[in-house]
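Residue numbering begins at 1 within each chain, and the chains themselves are lettered A, B and C in the order written.
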Amino acid sequence: MKNEGNLQAVSTTVPCIEFRGVSKAYGSNQVLRELDLIVPARQRLALIGRSGSGKTTLLRLLMTIERPDSGTIKIDGEPLGWHELDGKIVWRDDESLRRVRGKIGMVFQHFNLFPHMTVLDNVMEAPVYVLGLSRAEATDRAHHLLSLVGMTEKAKSWPRQLSGGQQQRVAIARALAMEPRIMLFDEITSALDPELVGEVLRVVRQIARDKGMTMLIVTHEMNFARDVADRIIFMSGGKIVEDGPPEIVLGNPREPETRSFLRSILER
Amino acid sequence: MEFDFQYAWRILPALLDGVVVTLEATLCGIAIAIVGGLVLAIVRLSRQPILSTLAVWYMEFFRLTPLLVQLFFIFYVLPQYGIRLNGFVCGVIGLGLYYSAYTSEVFRAAIEKIPRGQWEASTALNYSRGATWRRIILPQTPPIVVPVLANYTIGMFKESALLATITVNELLGTALKEASVTFRYLETITLVGLLYGVMSISASLAAQNLETYFEKRR
Amino acid sequence: MLLSWPQWEFLLRGMMVTLGVALLAFPMALLVAFFAGLSLLSRLWVVRMIATTYIEIFRGTSALVQIFFVFFVLPLFDIELPPIVAGVLALGMNFGAYGAHIVRSTIQSVDRGQWEVASALNMPRALAMRRIILPQAIIVMIPLFGNEFIRILKATALLSVVTVPELTFSGKILVGHTGLPGAVYSAVLIIYFATSFPLAMSVRWLEARIQSRFGVVSTHAREG
């Protein structure tokens, strides 16, 4: 079912995101093993686990930055670019890829702001050149989003003049400007000094509250995950080990591996 | 042997005309070199095995053989295939092809220096490949590329003297034509040296300023 | 369209002259480069001035202009040199100027700490330069001067305009005899390439060996 309005309710029979038998290896390192995952629309899903457990790779595959070795990824029932057909990985045409990919937005651990543009231009850039918005519309949208993330006064600043927390908030605004239906957050506070983490998480909590988009959040911040997520997945060795609501996965996990992981986190 | 200042003054205007031709040749040449270098760099970065290898061989060939012979080749061989180009055009093509083998390395290095995250962010914002290059990647190349291109331009300005051997009336060519009539090599060649020297030294100083400007903006 | 064997031979003999000229000009350039490069680092302002002037003159004008100067102007001052000597002189001075920058920058690139250690050991400046600094600089210089040699090899082609019988001049003569510029100049280009390609590969191999052994990053000399 194709949807132009990104925040409309979607048919509940077709899952928003679907991974089927997805595997990915880097050299001899098998990062994802035959992963199956279904994410319904509007769900807030947190992914936790040790580094190398595959959670970041999962996000990157979804964003089509990486390609799977095997398996299929579908958005609203449509396969994303790379998918398996008769046992081979084939590339669906570029047109449909970009159409499907346009529903997804991502915020990266290292912000990746465009250094050769001001904050305002960073947020306006893709809406104008990819979505074809007029400069006036894009400016309005950008200002609205910058105030949402609390960066209005810095609209004319350059990325290198900003702190990490400020840059990350701009990055969030930039991603939101594309009005995605699915937002991916890849350890967005891991590269920040501790005192800057709060301001970024505050913004994400607000987004989770006010906007009805599907969110996948890779994070080490357990309290944050508990607050924001409807569902938490603990990954290890490229597989989903535990999957359930925060009260269970974080409060009373079933799997021993989950327990030991949480213990090690708390001890930090 | 006395330096005839009056004679030198008299031939100066003609020599300055030659300088204009030199500048024209340099500008056209560097334009071709930039376009050619970009194309080669993109080909090499595209990881297409056949095209990439061809690009590498092109670069090796043009960098390891003398520009003078390349110019002779273009100037003397093309007419045999019915392509009659004048010396200036042959010279500019020769300069452009030769220097593009060098500029492509600069472009490639500058593009590779851009963090992967920029490519990923562009993908996440659903940019097409063309838009990614045009809006995000290429605009971030100037800090590295411009100072080096400035130096190559100055180098090309000096090497344009080679065009005198294929009948182009740039600075050296004009001077030699004059000297072949009056046999006053002292004044002509000294003036040529002075003109080249003054112009390229001031250009080098300007280029150094460019370099510091870009250094500061890092 | 291919050349006959005697024609190839003719060209190859030209290549011999090319190599001869390059092998004469290169050591001269090295000498000049060291002299001028070290002068650039002198503490005497006058010495630095003279060196800078020489370098800027020879880098500011192209080699071709310098060749014409030596060939046409010097005789007017009763300095008659045979073409080959004139050529070697011009190339030597020209590449000496570029080499001076290589010498200076490699010496300056040696870690400051080395100088500090030398003075802590109470070494006089000259001794420190001779035993500690220069050896380290020379290691980095080797591949850079290797590239300069290849550039000298290419520059010998310029001597064809003053009738030095090197490869390009031989080519011009052969074109005059045969009227086949395509075949002749292709052959000339191939011979240049066949000579410089192995040299270039060797320089890169050298560079890699040096980098792995001594961990120094070599900066590429600017093309001119």
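Keep this in mind: contacts are C-beta pairs under 8 Å (C-beta built on N, C-alpha and C of every residue); 3 or more make two chains touch, one makes a residue touch a chain.
The shown structure was predicted, so the numbers you read here are calculated from the model rather than taken from an experiment.
Student: If you average the Cα atoms of each chain, whose average lands nearest the overall Cα average?
Tutor: B
Student: Give me the two chains with the most inter-chain contact pairs.
Tutor: The chain pair with the largest number of C-beta contacts is B-C.
Student: If I average the CA coordinates per chain, which chain comes out farthest from chain C?
Tutor: A
Student: Round to the nearest whole Å and give the separation of the Cα centres of chain A and chain B.
Tutor: Whole-Å distance between the two chain centres: 47.
Student: Could you give the separation in Å between the centres of chain A and chain C, each centre being the mean of its C-alpha atoms?
Tutor: Centre-to-centre distance between chain A and chain C: 57 Å.
Student: How far is the middle of chain B from the middle of chain C, if each middle is the mean of its Cα atoms, in Å?
Tutor: Each chain reduced to its C-alpha mean, chain B and chain C end up 21 Å apart.
Student: Give every residue of chain B touching chain C within the complex, in rising order.
Tutor: Result: residues 1, 60-61, 64-70, 72-73, 76-77, 80, 102, 151-152, 155, 158-159, 161-162, 164-165, 172, 176, 179, 185-186, 189-190, 192-193, 196-198, 200-201, 204 of chain B touch chain C.
Student: Looking at the complex, which residues from chain A come into contact with chain B?
Tutor: So the residues of chain A touching chain B come out as 63-65, 94, 98, 101-102, 104-106, 108, 110-116, 125-126, 129-130, 171, 174-175, 178, 184.
Student: For the complex, give me every residue of chain B touching chain A.
Tutor: Within the complex, chain B touches chain A at residues 115, 117-118, 120-121, 123-128, 131, 135-136, 139-140.
Student: Given the complex with chain B, which residues does chain C contribute to the contact?
Tutor: 56-57, 59-62, 64-66, 68-69, 72-73, 76-77, 150, 154-158, 160-161, 168, 171-172, 175, 181-182, 185-186, 188-189, 192-193, 196-197, 200, 222-224
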